[in-house]
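Structures are listed in the sections that come next.
Two complexes are shown next, each including chain A; its partner changes from chain B in the first to chain C in the second.
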Partner chain A sequence: MTKRVDLFALSALPAVLYLLVIYAVPLLMLLTRSVTGAEGLTLAPYTAFLSDAFNWQIIANTLRVAGLVTLTCLVIGYPVAFALSWARGLAQAVLLLSIILPLSVGVVVKAFAWQIVLKRDGVVTAALMATGLFEEPPRLLFTETGLVLGAANVFLPFMILPIYSVAKLVDPRLTEAGATLGATPWKRFARITWPLTLPGVISGIAFTFSLSVSMYVIPSLLIGDRFQTLATLTGRSFLLMRNEALGSATAVLLLALAVAVVVGSTWFARRLGRAA
Partner chain B sequence: MTAFLDIAGAEKGFGATRVLGGVDLAVARGEFVSLLGPSGCGKTTLLRIVAGLLRPDRGHVRLDGEDITRRPPHKRDVGVVFQSYALFPHLNVAENVAFGLRAQGTGKAESAAAVDRFLTLVQLGHLADRPVSALSGGQQQRVAVARALAVRPKLLLLDEPFSALDRKLREGMQIELRRLLRELGTTAIFVTHDQEEALTMSDRIAVMHGGAIEHLGTPEEVYSRPATPFALEFVGLSSRLPGRVVESMNGLLMVETPLGRLRAPGSFLPGSPVLLAVRPERIRVGGTGEGNAVLAPLTDVVFQGARVQMHFAGADGLPLLAEVSELPSGHLRPGAELPLHWAVRDMLVYPAPDRAAVA
Partner chain C sequence: MTATERLVRGLVWAMAAIGVVFLMTPLVVTVAVSFGSSSVFTLPPPEWSLRWYERLWTTRGLWSALGTSVQVAALSTAVSLVLGTLCAIALVRSRIPGREVIATFLVSPLMLPGLVIGIAMLQAFRALGLRDAFASLILAHVVLTLPYVVRTVLGALSLFDFTLIDAARTLGRSYGGALLRVLAPALLPAFLTSGVFAFLASMDNYPVSIFFTDAWTKTLPIQMLQYVEESPDPRIAAISTGLILLAVLALVIGDRLVGLKRLADF
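This part shows the complex of A and B:
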């Protein structure tokens, strides 16, 4: 028995070493850098950053865009995940392929593609004009809406796949049982399907939120420098401004925010699930 | 009197395969009817049509005077105990039983009282707070029954509810379920492929075969006068032999068989190929008597506790089976020729099934 456990522990060693060298050590260096000033230990980079109202705007941008992207992915992705779990044979293969294949296209290529899609004479604008709801072509490229749409497209698979992996395990007899007990379709969803797929939803939210809170290339290409997030600011601090203290501080802040939101939403969702 | 549940001409196919071919079934209020048939004969399909989980291609379902053919399941008042139980894994025992009441808007206190009552009825009051995954198969089965009954459905459908339980437990549950439904006055349709279960529990049995009901009757009727060779073969044991009618007079037949000429009740044209059968407990071994008599060598004696099965080899290798409560005296070595006889009225006669006619 003990021998088996030892072997298990041993088999995790390569991964632990790898993460330690590649991830934990640089992270520690970053953290150290963010609290080291000319005269030793200091919190100056943080206080300086947080005392500027403009920087609070950046934090708000970061959270709002990541939140909207996550929400968009959830609203679009949840039904798709179910379609995927209901589909059979060829239909399922095609659906699955069309979700996974785009992952092999680089994010830069996709962002450029979205530039084409969103531009003033692009297909989205044309479609919106065709609805007759708009007087003049709405501006999408270089707006937050365009950014959210583009980012949601890139991160959608990370919402769909975890929900799908849970949805396909939910026994369809359960909603049928709910129906024979007198539950309306909406109640069946709220009291059976949703709580049972919640673990998938939580992982999906954790994935898409952490990806979109820290995205760098997509905002750079779809909205430009006018719009700053913690991630783009971190990049600029290191690459353009050569301000390592600021860059390290914003990087640590970003990490803390992302972890807090992911852990918080997980906790909240579990509570909701238990209450339902 | 119009029936409480009336299924008329229910048809259902999946793609090219026709699963139900025009089923008619009328069930009276408070009645317990079993659908008995082999796996794949369409029992579950028929049940799902009554529950509203499947729409029939043709036909009607009427319940308590209303046509519910197109009504969605949540508006039907028809409870279902699924073969796999389908308990909600994220809810505990009490929450599972409360589900239907809560979904229909019953207040907290009132549903708690009903949950208490039904958990007590199925003797699970002490497990109310357990997660359902912590229960044994038999306990899960009871939760499924309590959950379905707690909303007081007009009709309860049970799809092979005991098939996953071992024999001992199953027999106890059969009696318990029957008593519970009688106390509550619940009308029920019970699906099973186990003929003993159907015989023990039912007011009436519908023997199903290939998407049709072949015989609908009381257990007594289905056992003693099965309407078709299939029903005969599926319910209980019998010895069967092919024959050809040589004489037909006043509802009495003389049939030429490999065992010689046998007499049987019925009216067929002379020359018709028929299938004859007799139940094992109707055959008397040894002695003499009225009716049909043959002499056959004993091949085997199987002691079964209360009863003893005696196997004989008829002519042409046709097996004959007799069941007696005590062994006749005399030498009973295999090979011993013994006289067998049975009453004419105990002889069952059917038009020969196609394959026998060819042979």
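This part shows the complex of A and C:
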């Protein structure tokens, strides 16, 4: 028996070794390389990057856009996740399909589609003009609004699915009990539904935020070169500018941001779990 | 149900309808444009036509990029299926310490920025003297497809009742025979589904592939992006429609094997 257990453990080795060599070690190398200069340990690339006011503008751009995308996804995604947990039959199939199908289509395809959608004579502009609120067609493509709209579209499933995974577990009898005990609908939401779905909301926010921070294709196609984020700067410094010192520093900043979001959200969700 | 509750329910359903339209917009627009005659993406198209599809035959670089993408996706998925399934079995059955840490490590490539993973690999491969674009793409894509296999197979294994194997052995099967006749059929749907979605993830990858392409070896998304920059015309929508069709096919297979609802498990 013990022999078989050892065999089982051994079969994990190939995958773990592969990831260590091809993935973990390169990431560690990137990290160590960015803090080693000619005379040993140095933080020079980071201090150089952070002492430039223009770069703070880039960091602000990155966080602002990611924040707006996450907020947009939460506002649309929360009710959609609930509708999905209530839906049965055809409605459920339609909702599931329109969440999973876009998720299975590549980001280049969707970003290109949004270029068409956001054009000055595109469908969104036509719809806005039809409301009669605009004197002349509003410019959307190559604006921050267009970028947020397109990115929110691409990342929305990553907000809906985690919320759905907890919303479907909420026992409807709890809110009924709240109603019987005289709680107003608002109070029932704030005291029962929201706290129960909070773990899903946190993981949805973590996914959408870290994806939006590191998006690269969507900004290149929807807003262009004038607007820089940490990710576009990182990509460009390797692919176009051949400035690898700068690119490595911003890559590590991106990595740190992503790890902070994942670790922070896990810690927060675990704390919630313990409190409940 | 009180009036307020009805109102809230109505608002939630209205938002769901808006959500469906919003999510489907890029796909519907892409397909519509690809079958239109207009070269400036007029919607709805003035008349329907297949001219953009006809032009695909003579589009430079398209078919070699498609070939590269399919080979990279097929090879990396095959490697991931073997490595990932073995590892998932180990994680469920063995008593190695830190199983959760290992599982998180294996799916972590999905949680970190692809761009950063790509850059790290680029520098490491260079340090090792590996300059071949195709080999680099395969090595990198195994890392990207492995999480899909580990996650899905791990999910299926945790639902599998391993006493069934003991039962098969009591009934006279050898240990290997029991694995083959009892475990394998139970795992097959998850195994195939994870393969399909791993393949799709590799086909669509952009942020990692961009660092491992050269003038001769380009994957389809990279080649498409080049077309977008050089000559954005509805041919790109026609290629996109092909990729959307591939995704539809993957969903049909996934639905048959494990059901749409299981695909939405997060």
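Please note the rule applied: the second predicted complex is superposed on the first by the 233 of 276 C-alpha atoms of A that agree within 3 Å, B and C clash if a C-alpha of one lies under 4 Å from a C-alpha of the other, contacts with A are read in each partner's own complex, and residues count from 1 in each chain.
The criterion applied here is as follows: a contact is a pair of C-beta atoms (placed from the backbone, for glycine too) under 8 Å apart; a residue touches a chain by one contact, two chains touch by 3 or more.
What you see is a predicted model; the values in this text were computed from it and never measured.
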Contacts of A:Ala183 with chain B and chain C, given as first, second, both or neither: first
First, second, both or neither for A:Ala251, with chain B first and chain C second: second
Partner chain(s) touched by A:Lys110 [first = chain B, second = chain C, both, neither]: second
First, second, both or neither for A:Pro26, with chain B first and chain C second: second
Contacts of A:Pro102 with chain B and chain C, given as first, second, both or neither: second
A:Phe134 touches, of chain B and chain C: first, second, both or neither? neither
Most chain A residues touched (candidates chain B, chain C): C
Footprint overlap on chain A, where chain B in one structure and chain C in the other make contact: 185
In the complex, chain C residues that touch chain A: 2, 4-5, 8, 11-13, 15-16, 18-20, 22-27, 29-30, 33, 41-43, 82-84, 86-87, 89-91, 93-96, 102, 105-106, 109, 111-117, 119-124, 127, 139-140, 142-143, 146, 150, 197, 200, 203-207, 210-211, 221, 224-225, 228, 232, 236-237, 240, 243-244, 247-248, 250-251, 260-261, 263-266
Partner chain C, residues of chain A touching it in the complex: 5-6, 8-12, 14-16, 18-19, 22-27, 29-30, 33, 76-77, 79-80, 82-84, 86-87, 93-102, 104-110, 112-117, 119, 121-123, 153, 156-157, 160-162, 164-165, 185, 210, 213-214, 216-217, 221, 231, 234-235, 238-239, 244, 247-248, 251-252, 254-255, 258-259, 262
Complex contact set, residues of chain B against chain A: 51-53, 72-80, 82, 84, 86-90, 99-100, 103-104, 147-148, 151, 153
Chain B contact footprint on chain A (complex, rising order): 171, 173-174, 176-185, 187, 191-192, 195-196, 273
